[in-house]
Amino acid sequence: MVILLDPTAHLKLISWRSFDPLNERDLTESFIRVDPLVLRSARGRCRFLPVCRTYIAPADSSSSTRRSRCGTGGMFSCLKDKVGEVLVPGDEFSFQADDTISLSGPAKPEKVVCGPGLRRSGDRLLVSKSGVLRHKQPNVFWIDSQQRRYVPAKGETVIGIVTAKSGDVFKVDVGGSEQASLSYLAFEGATKRNRPNVQVGDLVFAQFIIANKDMEPELVCMDSSGRANGMGVFGGGGLLFTVSLGLVRRLLSPHNEVRADLEQLFPCELVVGMNGRVWTRASTVQQTLIIANLLQSCDTMTSQQRQQLFRRVQQGAL
Amino acid sequence: MAAGFKTAEPLEYHRSFLKENCRPDGRELFDFRTTTLNIGSISTADGSALVKMGNTTIICGIKAELANPTVEAPDKGYIVPNVDLPPLCSSRFRPGPPGEQAQAASQFIADVIESSEVIKTEDLCIERGKLCWVLYCDMMCLDYDGNILDACIIALLAALKNTQLPEITINQETCTPEVNLEKRHGLHIHKHPVGASFCVFDHSILIVDPTAEEEVLSTAQLTVVTDEEDRLCSVHKPGGTSLSGEKLQECISRATVRQREIQKLIDKVILSVKTMH
Amino acid sequence: MMEVCGSSNVTLREFGCEQSLLSRPDGSASFVQGDTSVMAGVYGPAEVKVSKEIYDRATLEVLIQPKVGLPSVRERSQEQCVRETCEAALQLSLHPRSSLTLILQLLHDDGSLLSCYLNAACMALMDAGLPMNCLFCGVTCAINKEGEIITDPTAAQEKESRALMTFAIDSTERRVMMSSTKGSFSVHEMQRCIAVSQKASEKIFQFYRDSVRRRYSKTL
């Protein structure tokens, strides 16, 4: 996503995707000041959004009978109690079979959507990554962990480096275990005659259309309606650097403090890829470097420390 | 049909047997393969033994050399075990320097020798601080079909029992050792360590003496080495799925029974070799 | 057969840990037990060599680097123990055809080295955010001449001991994932050591949790 930060003007979002939205409400909230056209296309892309991999949903009749015997608390409230806490792999939640059958009618089947770091095994929910348990209404849970290595996921937008041209596709390094492929037709307005101008070494901002563990990941530089929507090859200038994946997700989440703090500094362009790569360009090289250094140090600071540092920078300490 | 099933779904193929408490080669879960032992098969070595457990074949040769003891341990000799898994024995091994499995096996055998005190290294000293024996114990796998650790320990133990060292006298005038090849004497074997290896299938089912195929499909391996006094010399489980204390106990009980069987086998073979001469 | 040791308190040397202290690896940790200190780094899931590619799971490589010189046969055998323990704890099938590399650098050895390797490995894997079934920890027990069990012995205590056992305990069921022993001992002694290790593992797992919590305290 490309974010134009300009303290004098409004925050302008050219395109937007937040980490784990699932529901459009958050999207619309963050789009209040955004060009209506972009908003529409972003909504149109919502079919890409879900990051969930497992559902705990009524699957067959035998399991639903057991679920109806779950206590009023059950897994859902167990999970909710732990939201915001740090969990480690091996922690588990289970349906506690309640011996007293509810007389007030069949209990409503619980539906829990698991995001990254949670995995279903039988009627237990296992934690497989260390991190903070997060929750999003109504029933989405995931583990927010700080890792450095990127694992491609469908629908996520990333910054890639073109490493090779082979026939009809470009090979793009996105920091995952395998290079992703990007067809030369997957650009806005590209046809067999009218090829996009992409060279080896170029940076591209693209979105995963295929990403699963068994296949080569595939990128596209346009949305479902065929528009570039902020994606494509980067222009000259600017600086690419990497930060942790946790920071990237924080940067992209709605109403983020880091971004708000950054807005106060000076105007700059910021492109954030879900693979931990961030590209920035400000009016001078010095300012570009300041932003890069600030963001890279954000991981190891508390919010007070960060605000202090940002204030010092604003006062011209650097 | 069965062959196709085995190739396509090896795990399911084994599971269908384990469900009936038996294994594809007709054994029950806690049965070892037939173990055969031949002693003194290499005439040029100071001691040797050939062990076959099913298809797994290990030959062990012991070569004794004279050396100077180290300064830290002037009254001790050394034992240098080495396990070789050449490309000959299985397609999984490539030519070149020994792989991880061979090195880990060598280390395991060295640990077992040290822990069990099968031979006291003091016995290998000829003259304190000046001369001692080095026993090079080379175990070579001729046919790899799983469970080489058990076979290696049996081969080593039998070869050590077969070893005859020549008598050494030190000439007082020249201070040089004189070797009397005519007069030989055996080694003093203090303990009889014997191993029993297990595999864990599907995180719960224990089987003993796994074949190469079973080893690949298993989720964990365990080797228990016990001596004749029922003391444990090694409980080696290099990882894999976890086992409870109770399951370990089962393995240890089986290992002690196995120790008796193998010690009887070795004694029988040695006796038969003696009566033949 | 299972028996809890007489003294309810299991004494471990002071241990400490720091996560993500290296900038290049995808996950890193240093683990200190008394004077024994190990640094671990994890790379992956990354591209895999074709010769080492496994079609349905990730390839895990463990490299142990001694303080001086090249790794010997002993390191190889320790590598095997650490690798197979990690393989059982990790969900490798989620990253097929990729490689994971775990490098363990010995900084100082003052006894209980294998357990320190295991603890550092677990923290580094957790730091890399790799999917895991459970955590594991290593506990070393020494039995001295008097038959007493010493947990987490120093190098001097190891030398005087009659038997030495290292166990890896998993965090879900507290069962034995790995076992490596030296010296001879009775069945009863081993079961006692397992019970002691299981007890000690509680402390270590609590420590793991605390240090992860400390790490995430800034983002809470």
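Letters A, B and C mark the chains as written, and numbering starts fresh at 1 in each.
As a working rule, contacts are C-beta pairs under 8 Å (C-beta built on N, C-alpha and C of every residue); 3 or more make two chains touch, one makes a residue touch a chain.
These numbers were taken from a predicted model, which means no experiment stands behind them.
The chain closest to the protein's centre is C, with centres computed as averages of CA atoms. Chain centres here are C-alpha means, and the one lying farthest from chain A is B. The distance from the centre of chain B to the centre of chain C, with each centre set as the mean of the Cα atoms, comes to 28 Å. The geometric centre of chain A is 33 Å away from that of chain C, both derived from CA atoms. We define each chain's centre as the mean of its Cα atoms; on that basis chain A and chain B are separated by 55 Å. Multi-chain contact residues of chain C (touching two or more other chains) are listed as 170. Multi-chain contact residues, meaning those touching two or more other chains, do not occur anywhere in chain B. The residues of chain A never reach two or more other chains; the list is empty.
Across the complex, chain C meets chain A through its residues 20, 25-27, 43-48, 89, 91, 94-99, 126-135, 170-172, 208-209, 212-213, 215-220. Those residues of chain B lying in contact with chain C across their complex are 100-101, 103-104, 106-108, 110-111, 114-117, 219-220, 222, 227, 230-246, 248-249, 252. Within the complex formed with chain C, the chain A residues making contact are 84, 86, 88-90, 92, 117, 119, 126, 128-132, 144-149, 151, 176-179, 213-214, 245-246, 250, 299-302. In the complex of the two chains, the chain C residues touching chain B come out as 1-2, 73-74, 76-77, 79-88, 163, 165, 168-170, 173, 175-187, 190-191, 194-195.
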